[in-house]
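Both of the next two complexes hold subunit A, though its partner changes from subunit B to subunit C.
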Partner chain A sequence: MGGGVRMGVAEAAALDDATLVARSRDGDMRAYEQLVRRYQGPMYRLALRIVGSSGDAEDAVQDVFLTAWRRLGQLHDDAAFLGWLYRTTTNQCLNVLRKRKPHADTELDEHESAEPRTRPDRAVEVSAQLDALRDALRDLTPEQRACWVLREVHGRSYDEIAETIGTTQQAVRGRLARARAQLAEVMAPWR
Partner chain B sequence: MAVTSDYDLPCGRDVEQVWEVMDHLDPHTRSCPHCATVRESLLVLRAATEELAREEVEPPSDLVSRIMSAVRADVRRSVAIPLPGDGLARISARAVAAVLRYAADGVDGVRARGCRVVEAAESTGADPVIEVDLSIAISAGVTAEVYEEVRRRVLAAASARVGVRLARLDLVVSDVLEG
Partner chain C sequence: MNCGEPHDTDCSEVLSEVWLFLDRECDKDRRAALQTHLDECHPCLEQFGLEEHLKALLARKCGGDYAPADLKARIRATIVEIRAED
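Up next, the complex of A and B:
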């Protein structure tokens, strides 16, 4: 996970998750802050990809880390902290989307990039493909999008995704298949 | 691992089957024009997905401090809760938690595990309000009505036995007891 690795210099002797979780459970807020620094990046990106707006993503991540702090006592396996974060973040995002009015056009700002307009052709094409992919992701159902993002972008296991969404591995594969087919259709103009 | 989809191709295969042989084409895919078209779209999708995964959108620089402020505030609010009255008398959150755990234990097939009590943001000395995270273990086979019963008893215990209002009860089943 990029977010953690780049902290490396400041935390030369970075402690492993299980150690930090155990210390946090005893009320060590500095240990918990290290966990927050380590995983806020990937959780923020996951949330942004699922909910589509940076404001909602920030709120979701803040809620997730506060909830995680409160529930450290319920985590049976200290080393499982990251998987637990993925589950909590995904569910928090799905709840945010459920609370949104159906089809309400919430402002989605994920791809307001400040990149300059003049770019080499290849870069323009890549950027156009990315934009098309982001647009197509919005047209998936929230659960399909969550399944696809967790699997294809964050590399989580089918098992873990099934547990997160509260369904079977088979159902996850089905949602992924539909998502992939729908996305591939949108990418067809670039083939 | 075939998953039936609505994206069937005229050749009888579906998109997922093409995806599964992306990197080791079978004889059919090598010669089928329908599969070839889909395969090219999937290759574009795969490349775009890699770009998306490479993107390192960073959270706002103050997100860590916002999270930690919320955690610190939560810790302060979890030490002691004001009792109704002039706001000078306080009761430890642990003592309140013990009362609430006991109330949950009164429901058949339920064992309270962790109970975390914090003072709610809207709480005042005149009107103390708490928020509670309660995890319970349940016996295998208990019905959903049990949760409502736990909720009812915990709410009642907060107001009748402690004298505080319970604004939020987050109930989590953390374990199922077999037998």
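Up next, the complex of A and C:
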């Protein structure tokens, strides 16, 4: 890889994805670090929600960013980097789930219940909600879970989800409907 | 479900599309028609409110995870290793 002009962190932070991808392809590690800094959070959240364990999520995200680094030369549209990351992360996570035995635990954010100011009765209720949601998410198929997480947690459009998972918009709508019906049933007591 | 009142858009139609509305996945005209119906139909608005609440609840429960602090450093170290091998 060539040795393009290196830049400072502040300069890198101000650049758009396409520029950072182009510079990364030229071997500029700082540019790629900025892309990692920019998207490691969303990709980790996505992976954690799909695979359900922080260890597997970390491994998946690390693999994704390494794969992305190696394959930057194959990316035809530099501006499409984020969509490519979503697709690669989702596929990586679905592969993890397919290899794993069914009903592995899904970890959920305990942030709300861990708040010190939460009243004890409220903390118990929140904990019960989290347990119910954990069970409900665990019972979704991997594809339903991926569609639901991409839509509800990441705000991706049906079109983007279809492209990410490699299916049709119609299939995405169907999976979302089934996922939501199951989750709604389980979460009904807390509506 | 039907509330028995006359509407341009049928209640069952509205409720079957409530998620498209919430997800902002219907076109402008369809969105306006659904919004008009919700504005004038209390049972549908109530159902819509429940779905909206559920959507917010689920999204809130699934937010707030942060990538481990050392993840970026680990990725960088591995890339440096790979580059050294090349």
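Observations
Convention: the second predicted complex is superposed on the first by the 149 of 191 C-alpha atoms of A that agree within 3 Å, B and C clash if a C-alpha of one lies under 4 Å from a C-alpha of the other, contacts with A are read in each partner's own complex, and residues count from 1 in each chain.
The rule we apply is simple: contacts are C-beta pairs under 8 Å (C-beta built on N, C-alpha and C of every residue); 3 or more make two chains touch, one makes a residue touch a chain.
These numbers come from a predicted model, not from an experiment.
With subunit A as the common reference for superposition, the partners subunit B and subunit C occupy clashing space. When the two structures are aligned on the shared chain, A:Cys147 is found in touch with neither subunit B nor subunit C.
In the superposition on chain A, A:Arg37 makes contact with both subunit B and subunit C. Look at A:Leu133: by the touch rule set out above, it reaches both subunit B and subunit C. Of the two partner chains placed around the shared chain by superposition, neither subunit B nor subunit C is touched by A:Ile161.
Using the contact criterion defined above for the overlaid structures, shared-chain residue A:Glu185 touches subunit B, although it does not reach subunit C. When the two complexes are overlaid on their common chain A, residue A:Leu66 makes contact with subunit B and with subunit C alike.
Once the two complexes are laid over each other on the shared chain, residue contacts for A:Gly174 go to subunit B alone; subunit C is not touched. When the two complexes are overlaid on their common chain A, residue A:Met29 makes contact with subunit B and with subunit C alike. Residue overlap on subunit A between the subunit B contacts of one complex and the subunit C contacts of the other covers 27, 29, 32-33, 36-37, 40-41, 44-45, 48-49, 54, 58, 61-62, 65-66, 69-70, 129-130, 133, 152-153, 173, 176-177, 180, 183-184, 187, 190-191. Every residue of subunit A that touches subunit C in the complex is listed here, in rising order: 1, 27, 29, 32-33, 36-37, 40-41, 43-45, 48-49, 54, 58, 61-62, 65-66, 69-70, 108-109, 111-112, 129-130, 133, 149, 151-153, 157-158, 173, 176-177, 180, 183-184, 187, 190-191. Taken in their complex, subunit B has these residues touching subunit A: 1, 3-7, 14-16, 19, 37-38, 40-45, 47-49, 51-53, 55-60, 63-64, 66-68, 70-72, 74-75, 113-114, 116, 133, 135, 172, 174.
Interface residues of subunit C facing subunit A in the complex, by the touch rule stated above, are 19-20, 23, 25, 50-51, 53-55, 57-68, 71-72, 74-76, 78-80, 82-83, 86. By the touch criterion stated above, subunit A contacts subunit B in their complex at residues 2, 27, 29, 32-33, 36-37, 40-41, 44-45, 48-49, 54, 57-58, 61-62, 65-66, 69-71, 73-74, 110, 126, 129-130, 132-134, 152-154, 170, 173-174, 176-178, 180-181, 183-185, 187-188, 190-191.
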